[in-house]
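A quick write-up on the structure given underneath.
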Amino acid sequence: AEKKVLRMATTTSTDNTGLLDYLAPIFKKDTGIELQWIAVGTGKALKLGQNCDVDILMVHAPSAEKAFIKAGYGINRREIMYNDFIIVGPPDDPAGIKGMSATEALRKIANQKAIFVSRGDHSGTHKKEETLWKTAGIDPNKLDKEPWYIQTGQGMLATLNVASEKRGYTLTDRGTFIKYEATLKGKPILVILVEGDKIIRNQYSVIEINPEHCPNVKNDLARTFSDWITSPKIQQAIANFRLMGKQLFIPNAKTK
Amino acid sequence: MGYITEGIIKAFELLISRDAETYSAILTTLKVSTYAMTASLALGIPLGFFLGFLDFRGKKLLRTIVNTLLAFPTVLIGLLVYALLSQRGPLGQYGLLFTLPGVAIGQTILALPIVIALTATAVESLDRQLRITLLALGANRYQLLCTCIWEARYGILTAAVTAYGRVLTEVGISLMVGGNIKWHTRTITTAIALETSKGEFAMGIALGLVLLLIAFVVNFSLMYLRQRS
Amino acid sequence: MGYITEGIIKAFELLISRDAETYSAILTTLKVSTYAMTASLALGIPLGFFLGFLDFRGKKLLRTIVNTLLAFPTVLIGLLVYALLSQRGPLGQYGLLFTLPGVAIGQTILALPIVIALTATAVESLDRQLRITLLALGANRYQLLCTCIWEARYGILTAAVTAYGRVLTEVGISLMVGGNIKWHTRTITTAIALETSKGEFAMGIALGLVLLLIAFVVNFSLMYLRQRS
Amino acid sequence: MIPLYEIKNLIHKYGEKVALKIDNLTISDRGVTALLGPNGAGKSTLLRLLALVEKPTQGQIYLRGEPVGPFCKAFRKVTLLPQQPYLLKRSVFENIAYGLKIRGKKKNLRQKVCEVLSWVGLDPDQFLHRPWYALSGGEAQRVALASRLVLQPEVLLLDEPTASVDAKSAQLIKEAVTKAVSLWGTSLIIATHDWAWINEIADRTLYLIKGHVLPSEMSNLIFGPWTVNGRFWEKRFRDGQRLLLEPPPSKDMDIALISSSSVEIFGNPKPVHDQNLLSFWVTRLNLKTKSGQILVTFSLEDVSFTLEFSKEKFSSYGFVPGKKVWLSFPKKASAWL
Amino acid sequence: MIPLYEIKNLIHKYGEKVALKIDNLTISDRGVTALLGPNGAGKSTLLRLLALVEKPTQGQIYLRGEPVGPFCKAFRKVTLLPQQPYLLKRSVFENIAYGLKIRGKKKNLRQKVCEVLSWVGLDPDQFLHRPWYALSGGEAQRVALASRLVLQPEVLLLDEPTASVDAKSAQLIKEAVTKAVSLWGTSLIIATHDWAWINEIADRTLYLIKGHVLPSEMSNLIFGPWTVNGRFWEKRFRDGQRLLLEPPPSKDMDIALISSSSVEIFGNPKPVHDQNLLSFWVTRLNLKTKSGQILVTFSLEDVSFTLEFSKEKFSSYGFVPGKKVWLSFPKKASAWL
């Protein structure tokens, strides 16, 4: 029998944290389908979907996702889990934002012209950051040439590295930060300063590629995956996933 | 600095413990670079020969273009090949996207200008007497080609080695066209890129050293062959 | 496929509208590649000359090592240079991380093996009579070096052009050491990488074409110079 | 009989410079044709064209009646030994075997190669496996010749084959080449400056100068510089003697040709009306082995006349090197170049 | 007087092969020294060592009493024209000016270059700006010579300078070289196969063979193959004549040297006790311009003896090319190689 292969485009965070390495064997055992994933930026993941080169997407940029579905490229978006964003910075906290809400903290940083490192890559994290600036009453487009506002155009980890070298603040997802802490063997140059604010929740969803738009996609396999990952058993498995002993993702799929 | 020594140790560990992921990436790297080198040498050496050997109008411009293509960014090649091989691209039906042959196509495009430009230079630096001698000895066009290439073999070997280094180390095409799919299209360089983006610098260095080791083995064998001939 | 034509159009738009971001990236690219090429030619041509000209024990092994370094992955170079220049690295105090000179150091390491290997091959393919002739005419060691390099100029030009292509298109070092910081260390290639990861393929292609255009202008000027000499 | 080569309206240019211009020339089959002429006369150029390794800028060459050119059917019948023999970067054996290999004649390769090596006087045991660079100038030249001989060519074109070869090897080359002529009926065309050798082996001589072929009768050349003296051009010698000639038809000609048949020889100065009369020294006597004729060279500073004598006539003159004689010839050159 | 060169215990090897072995040799200052010898004798090797472009494997060379080697102080006084003249990939002007430029002598560059160009018989107007590849074989050789002459060297080493040069140009080169000797007191050492030319200009002759220097007295060589005949080695000629010699002291020697002084000449066969007696032909007569002596070459197939005669002695013999004479010489060679 022909090997059943499901191709997924996903954001780097799900890959980098090891979640997919953890889930893929279970999926194979449960359904006999092999999961192959391409870990790229959210923008590129959506583009791969639009070009019919993958069967399913797992991304975390709700507004872009909605636009994607509206354009007819995807169907059946289902939220599966979230983790949260945090604002990190140098331990001596020069701008004094520790314990503030996210928007307050950003406003303070801008006022103090303390160094803030942005991913600037239109990723889910970057889009979230832009929303936060807007909520804080600051037009993110105007920050572009501010000397204290550094755009790396790279992944989260590279951005964390820049932030630590430049002694700046940055917005990061918790998963990557746990990895970052781990690689520095517990002597992080950056520490968590803002966390737990509801506004900085990072919602992940799966979207099947629209078979009407892409006749060659394996929608049956995609649907199987989508059903599988929202099933209570797998939702529990996600909750059990640990990185460096810490839970990373909180499952929140709505059962049908 | 710590992770450099750590990386060196890890490189040995990976090789000695026959780490499955590493060996899969090594195999993938060897496969895809072999395809790409075979194709680019088969096409590039004759083309380079003609460019270096023949005199024709527009030759200088052609050389300039080939030299320009030495600066063909891998990301651009990756994008173009992706555009061709994508489901919605003209070659989409062959399903080459996210496969090794697909990557090899891109790497061939990358290596080709190097092979052509360096072969042309090697052939140009041949003695002008060679042509006369070969014709005088009765070589036909094909034999002329083969013998000139053989006489320029050291230069062409350098061309091949340079192109090989380029193919072995490129990331842009492998990522874009291959998709860096674990166990399938993950090469050593894309693995390094991944490990680095994960912050696993020691692992990145370890894999980098493995890649250099492969290059050394290949070059050492070539040197040995060259010495024997 | 659509975004290829879109990319071509966009490339013109960027250039004609004098798009500030693009022009900043072009300038950065030119600056950093100029530093890197100057350094690697200044070091690499004499070293390549010695490798190709002199006979000494271990020469073959040394050449093999240089050839191996042609396959030095940019990500690895990036990591090593990062480790050196990082705040916690041995050269941290000079603050070269995320600066253009820092990137140029990495690119010099990348270009050096290419310049050395290709210069050595060019010098090796010089006539054995040349040495005798120059000594007979009374050249001292330094004049011997200069004249041999001049006689091998076409080969060395190819070396430079190949190295330039490599430096111009590399991403790994610029990302890792330069940090791809907008308005500061963002080069065209890192910009392409960014645009691609954003899914802005047309923009990636446009920038790639801009890079090729730069390479073409540089190569065309070189061809013109070569023709005049 | 069909001539070996026929050349019609041939012009060969390097860039704008005309290196060769031959309106009509036939070279007959069999035997040895010698090609003489000063540096830059176009000898090598002509040989390259005859060897079909280059295409003339204009005009056509016929080989045994067939129009020919590079890569044509007849192309492998002809082989050339260029002036600077170039060896392939291989061993001596591979160099000599190359021509046979590309013809697919791989039988008895080793034996054939050894045979021609010994023809040119190189010991196969010592030389067979030498790399190309481990040869002296003359050895390299002989290896290059061997790699031509092994092909048993119908036409063998040699460009200065004895230039850097010692007397002993020149002798061997001569023998090898003579063997080729007699064994395989090879036709030979040789460009050389080695008069003595030419005299021994050539059946006919072509004289090239400034890209033109001279009439085949033996001619003597007088080079400038010239000064104008009334209606004559004058060449003055250091010993005070003067030579007068009517000026050439065109300004850019400056080499006078004096045909041998117009030269008369006297033991004593005997004024001849309207002729040049100059004292020369006998400097060289050469035996033409093929015909038994004797060539005598008379020199006056940079002017040399070479005349041919039968044995009888020669003894009647009693020429001895160092003897002073008087030569007379007309004040009108037989031609100018 | 201090000799120009002194060579002590010199050995030069290529790999394992000894190409040159000279225990002791002095070359005196001023004038022209000729270097003769068959192909592969080591002439070019010796010239390269004397030119200080290579270091001998062993031993020491002294130039005017000073030990010398590559890049030593005296190194620019000496210049060599190699056997295959190599031109830099530049114009003719740049080629000739190169040596002056690297010496920092940039005054009157153009004038100096034009002067030596005309010395070697090349018209500056035509040749000054030619690129290196647009030259015929002989023209390239003459440009290479000019680039040596322009340096006004103290010692000029020439390796086959007239090999591919026509008679007229050989004459010019001879004149140029003579000019150098007389104008600047340049010492000349020339390797060549051109006997006639050597006879005209050489003050002394060194004969090299198989890497050894022969005693300076003129010697004649007899090459093998030899067959054994009783206690003698025999060389048999096609006309039935036989030459017998006592075998050499060592097996690997196969070239016999017969010193000229041991040869006697007879008009008729006159049996001489315990000597070889063979009939030869007179094949060549040459005037030695410097001394007025006459060189006569006697040949029997591949054996040639060259003997020197004064004018008087010569006329008493009445040698004519083609004349048959009988030569006798001992059955013991003066040396073997």
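Lettered A, B, C, D and E in written order, each chain numbered from 1.
Operating definition for what follows: a residue touches a chain if its C-beta (ideal position, glycine included) is under 8 Å from a C-beta of that chain, and two chains touch if they have at least 3 such contacts.
Chain labels with UniProt names: B, C = ABC-type tungstate transport system, permease protein; D, E = ABC-type tungstate transport system, ATP-binding protein.
Predicted model only: the values in this text are computed from it and were never measured.
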item	value
Reaching subunit E from subunit A through chains that touch each other, fewest steps	2
Each chain counted as touching subunit A and subunit D at once	B
A-B compared against A-C, more contacting pairs	A-C
Farthest chain relative to subunit E (centres taken as mean CA coordinates)	A
Interface residue identity across copies subunit B, subunit C - same or different by half	same
Subunit B-subunit D separation of Cα centroids, rounded to whole Å	53
Whole-Å separation of chain centres (CA-atom averages), subunit D against subunit E	24
Between subunit B and subunit C, centroid-to-centroid distance (C-alpha), Å	17
Whole-Å gap between the CA centroids of subunit B and subunit E	55
For subunit A, residues contacting two or more additional chains	158
Two or more partner chains touched - positions in subunit C	127, 176, 193, 196, 201
Set of subunit D residues in contact with two or more other chains	84
Every chain pair in contact, whichever chains are involved	A-B, A-C, B-C, B-D, C-E, D-E
Parts of subunit B lying in touch with subunit A, wherever the complex brings them together	86-88, 97-98, 179-182, 184, 194, 197-201
Residue ranges of subunit C touching subunit E (in the complex, touch as defined)	127, 129-133, 135-141, 143, 147, 151
Subunit C-touching residues of subunit A, taken from the complex the two chains share	40-47, 120-123, 144-145, 150-154, 158, 162, 164-166
In the complex, subunit B residues that touch subunit C	1, 3-4, 60, 63-65, 67-76, 78-80, 82-84, 88-90, 113-114, 117-118, 121-122, 124-125, 127, 154-155, 158, 161-162, 164-166, 168-169, 171-172, 176, 188-189, 192-193, 196, 201, 204-205, 208-209, 211-212, 214-216, 219-220, 222-223, 227
Residues of subunit D defined as touching subunit B within the complex	48, 51-54, 70-71, 75-76, 79-82, 84-86, 88-89, 98-99, 102-103, 147-148, 151
